[in-house]
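Each of the next two complexes has chain A plus one other chain: chain B in the first, chain C in the second.
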Partner chain A sequence: MADASILPAAISGMFGLLSPNPPGWGGNLLRGLFHSLQIALGSFGIGLIIGTLGAYGKLYGGPIVRDIAAIYTTMVRAIPELVLILLLYYAGTDLINRLFEALGYSRVDISGLVAGIVVLGFVQGAYATEVLRGAIKSIPQGEIEAARAYGMSPSLMMRRITLPAMLPHALPGLANLWLIATKDTSLLAVVGFAELTLETRQAAGATKAYFLFYMAAGALYLFITLFSNAIIGRVEIWARRGMPSVKEAH
Partner chain B sequence: MSETPIEVPIETFPIHKETGGIRIASLLQPHRIVMMLIGLALIASAVFFMRWDWLQNYGDLIAQGLWRTIWILIVTVILGFLLAVPLGLAQASGPAILAVPAKMFCTVIRGTPLLLQLWLLYYGLGSLFPQYPWIRGSELWPYLRQAWPYAVLALTLSYAGYEGEVMRGAFASVPKGQLEAARAFGMPRFTIFRRIWLPQAIHRALPTLAGEAVLQLKSTPLVATITVVDLYAVASRVRQDTFLTYEPLLLLAAGYLVITGIIVMLFRRVERMIPSKLG
Partner chain C sequence: MTAMEAATVSTDPLQRATGEQAEAIHIEKLHKRFGALEVLKGVSLTARDGDVVAMIGGSGSGKSTFLRCINFLENPTSGIIRINGEDVKMVSDGHGGLHPANRRQIERIRSRLGMVFQNFNLWQHMTLIQNVIEVPVHVLGMKRDEAMVIGEQLLERVGLSAKRDVYPAYLSGGQQQRGAIARALAIQPRVMLFDEPTSALDPELVGEVLRVIGDLAEEGRTMLLVTHEMKFAREVASHVIYLHNGIIEEEGPPEALFGSPKSERLKQFIRTVS
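This part shows the complex of A and B:
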């Protein structure tokens, strides 16, 4: 936008720079977007698994499990993601390599993609724990007692009662987490993983069209957010089917 | 929000069931003592088996970085909040000509990563400014050539974007009867806002504000990527100089934990200062 106001002739050049074929850098941006989405999906999935375990641990676990879960969520939510990413990235790869050496294998290079997914998943897990714990607590507890009275096994109860009943309560928090996951992928640019933000920086640095590329990347991120919001709205309607409307009476 | 369901009893008088003695007793359960001992052992082993001799050489730098982190945090939280109040007000009860841009601003800020916003401002604006002679000639130019104004601007806008949404909800959730009563008293509109609407909205938003302040603290390390020397940048510098991987990062994490604790404590104090009838 700003470039266009400087030089009208630059408009065609602008599209040239953004074109997906090699002279343009659009292909790089789209590849970065693809990597970002991969990381976001992976880390959100890992976060959900950790979050479910953590929420169950916090609610039904013994005193030690509960304390460990509390320490995990407090620490992760108080330390900046950037610091956690660096710590876990170095510590994690170091530990795995030492383990491999101790077992007699050679050192491995852990790909940035896997490390990014695991590290962000670990961070997401802490937030997901809190979201899911709150959601499980907001189920009418009689339903869970009834399930227990029927003699359901814990896994069957989780599958048939707890998870479906908590879903509508958990969805707003989980939707928020998903949006945070998509945006947190940009932090991996700092450790040098080529996701959207780093690809943008490289394209901008090579062409000197800083404003154009950062705006384009911003538009891509915004598109992900708005698209996710549309889908989340649908899912929420589906999960709340048969429940009374939550719209406030004015 | 304005209507309370009948089944839910409202706790008009918060009853503090936990007294000091019980809290200490719960801390001294056997498994807690064992965990504390393990924690102490971990800290002690970190102190004795890791290298901390670099600390004295970097003491001044660390203090500077800490100061800059706290300074950026406080300035951006205050400025961001001042910006968030009109943003929230415009969305909650403004005319469409104000509400729509405010909503768009919040959506754009909340929909894009802070790192991208920071780089857009620093590299984007920073590369545009030198092209205009009148900016280069202005008195602001010495500041615009440094990194920290961009850092403060980006963090302020980001905080305002997130907080504007929070304040919108807070303004909307103040019971209408309160405002009507104030109007019936013949208060001018600004007095209503100053005495009735804003204080109640802030009270409602306070727990969220505390959370957002912690989130803001957690975003400050990003300014290190545009060459502002904050606590995180100091730790990176130590890592480059001494080739130590873990020690500076662990100290950094501990530092952020402490600052977070202080923020949470401060907000809890402020919250306790406000007499509350809500359960």
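This part shows the complex of A and C:
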């Protein structure tokens, strides 16, 4: 009888720890999750912009632009992300503050959120450059030629032809990058940003319920991935609208 | 000189003052070099409104390159290009070639030349009707509703009304090419440029595309047609140019060119292709 009374107590204690209201730590975890998603979305977006510019630079730029793009992608992809984050976060904020002081402004506190988005976006941009470059190269040359032959300006051609035509080729790579972005947010724990991993560590440390909290964090990361996959699947069907499926082709 | 000849192609300045149709395309001494290889060695051509100029020649004769230089898909090495009476301004590209000096000018000129490619080159992420209205709406600034009405008429004309919402990948080559012709017509082109429009088609699909092109010729559209279809060129062209190794070996009205070719090379060419 004693056993039976302990088990429900343990379970209710467990859920008590995960409760969104204090003294439960669930609220902290959800807040961490929210911050992680914000950073992932922001950095993925910045990565797409840098990646598009980088891909165009590598494909169509002059020698100097091509060299800069090559140095950028090589460096970022060569250095471990953790090192890059430490480097860019500390050195970057220090650099900006020195610049501000030199210009006669007072030092500023750079928000962890903004710094995290910029730093991870910079890393994402390098990988996105390569994904998008490959995708643009896989567009049939004739479609680009037709756009030129009909008097499209470069910007119109990019918007109406190149980007939509390369999207189906880019999506698998971009989907990978998005999933990596959601998980790379955890690296920001090392610079003290309260994303999901750091919140989890604090909750686990305070309650000693390591297994419970890390499993809960794992489940939340898994949930992000499953939800993302569902969305990506729909986007992919839309992007491939003009392409017969592999099954139909055989 | 017969009326037929006067209405067709000539670079002879004496013929210009005889109250003929306006010049749509005028090209003078066009040269094109790919590295050490000179593909065009001074080709000249004038096409007036209503002319159907067919360019024939063996592979490597430079006929496709010539057509592609007209709208600057290839940059010529030297020469004068005048479209709709407007000289295309060109500057040196620093590698011994020329490229358009003014991007806006060349974009404006291109948007009035309806190019039809060997491989159709329809935009695969757009349905047929979207392909047809794309340039009128986004380049020429036509209202979408208006472009739709015109686009649907054009698709009907090439016999593809039922396929308006189908993506190109689901169409046969002949259907794609007819769709590409509708796309070219949608810009109300001053001149249609056909770059071997039937060369990539299965033999049984060639006829349907030639019929559409033949109809266009009949209604008096100005066109330049690079083709391997000798019989067709003879039927629709008002002027035929035989290009060999980057120069015009012989040119004239189709009956003369095919009926009594003068140069030995053309005689041989006609024998081998027919």
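By our rule, the second predicted complex is superposed on the first by the 237 of 250 C-alpha atoms of A that agree within 3 Å, B and C clash if a C-alpha of one lies under 4 Å from a C-alpha of the other, contacts with A are read in each partner's own complex, and residues count from 1 in each chain.
What we mean here is this: contacts are C-beta pairs under 8 Å (C-beta built on N, C-alpha and C of every residue); 3 or more make two chains touch, one makes a residue touch a chain.
Computed from a predicted model, the values in this text were never measured in an experiment.
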Chain A as common anchor, with chain B and chain C clashing or fitting: fit
Inter-chain angle, chain B to chain C through the CA centre of chain A, in degrees rounded to a multiple of 10: 100
Contacts of A:Pro244 with chain B and chain C, given as first, second, both or neither: second
When both partners are placed on the shared chain, which of chain B and chain C touches more of chain A: B
Partner chain(s) touched by A:Gly151 [first = chain B, second = chain C, both, neither]: second
Partner chain(s) touched by A:Ala69 [first = chain B, second = chain C, both, neither]: neither
Partner chain(s) touched by A:Leu177 [first = chain B, second = chain C, both, neither]: neither
First, second, both or neither for A:Tyr90, with chain B first and chain C second: first
Contacts of A:Tyr210 with chain B and chain C, given as first, second, both or neither: first
Touched partner set for A:Ala189, first chain B, second chain C, both or neither: first
Contacts of A:Gly218 with chain B and chain C, given as first, second, both or neither: first
Chain B versus chain C - smallest C-alpha distance in the overlay, whole Å: 13
Intersection of the chain A residues that touch chain B with those that touch chain C: none
Residue ranges of chain A in contact with chain C within the complex: 140, 142-143, 145-153, 156, 160-161, 164-165, 167-168, 241-244
Complex contacts: residues of chain B adjacent to chain A: 1-3, 29, 31-32, 35, 107-108, 110-117, 119-120, 123-128, 131, 214, 217-222, 225, 232, 245-246, 249-250, 252-253, 256-257, 260-261
Of chain A, residues touching chain B in the complex: 2, 6, 63-64, 67, 75, 77-84, 86-87, 90-91, 94, 179, 183-187, 189-190, 197, 200-201, 204, 208, 210-211, 214-215, 217-218, 221-222, 224-226, 248-250
In the complex, chain C residues that touch chain A: 71, 73, 103, 106-113, 115, 117, 119-127, 134-135, 138-139, 167-170, 187
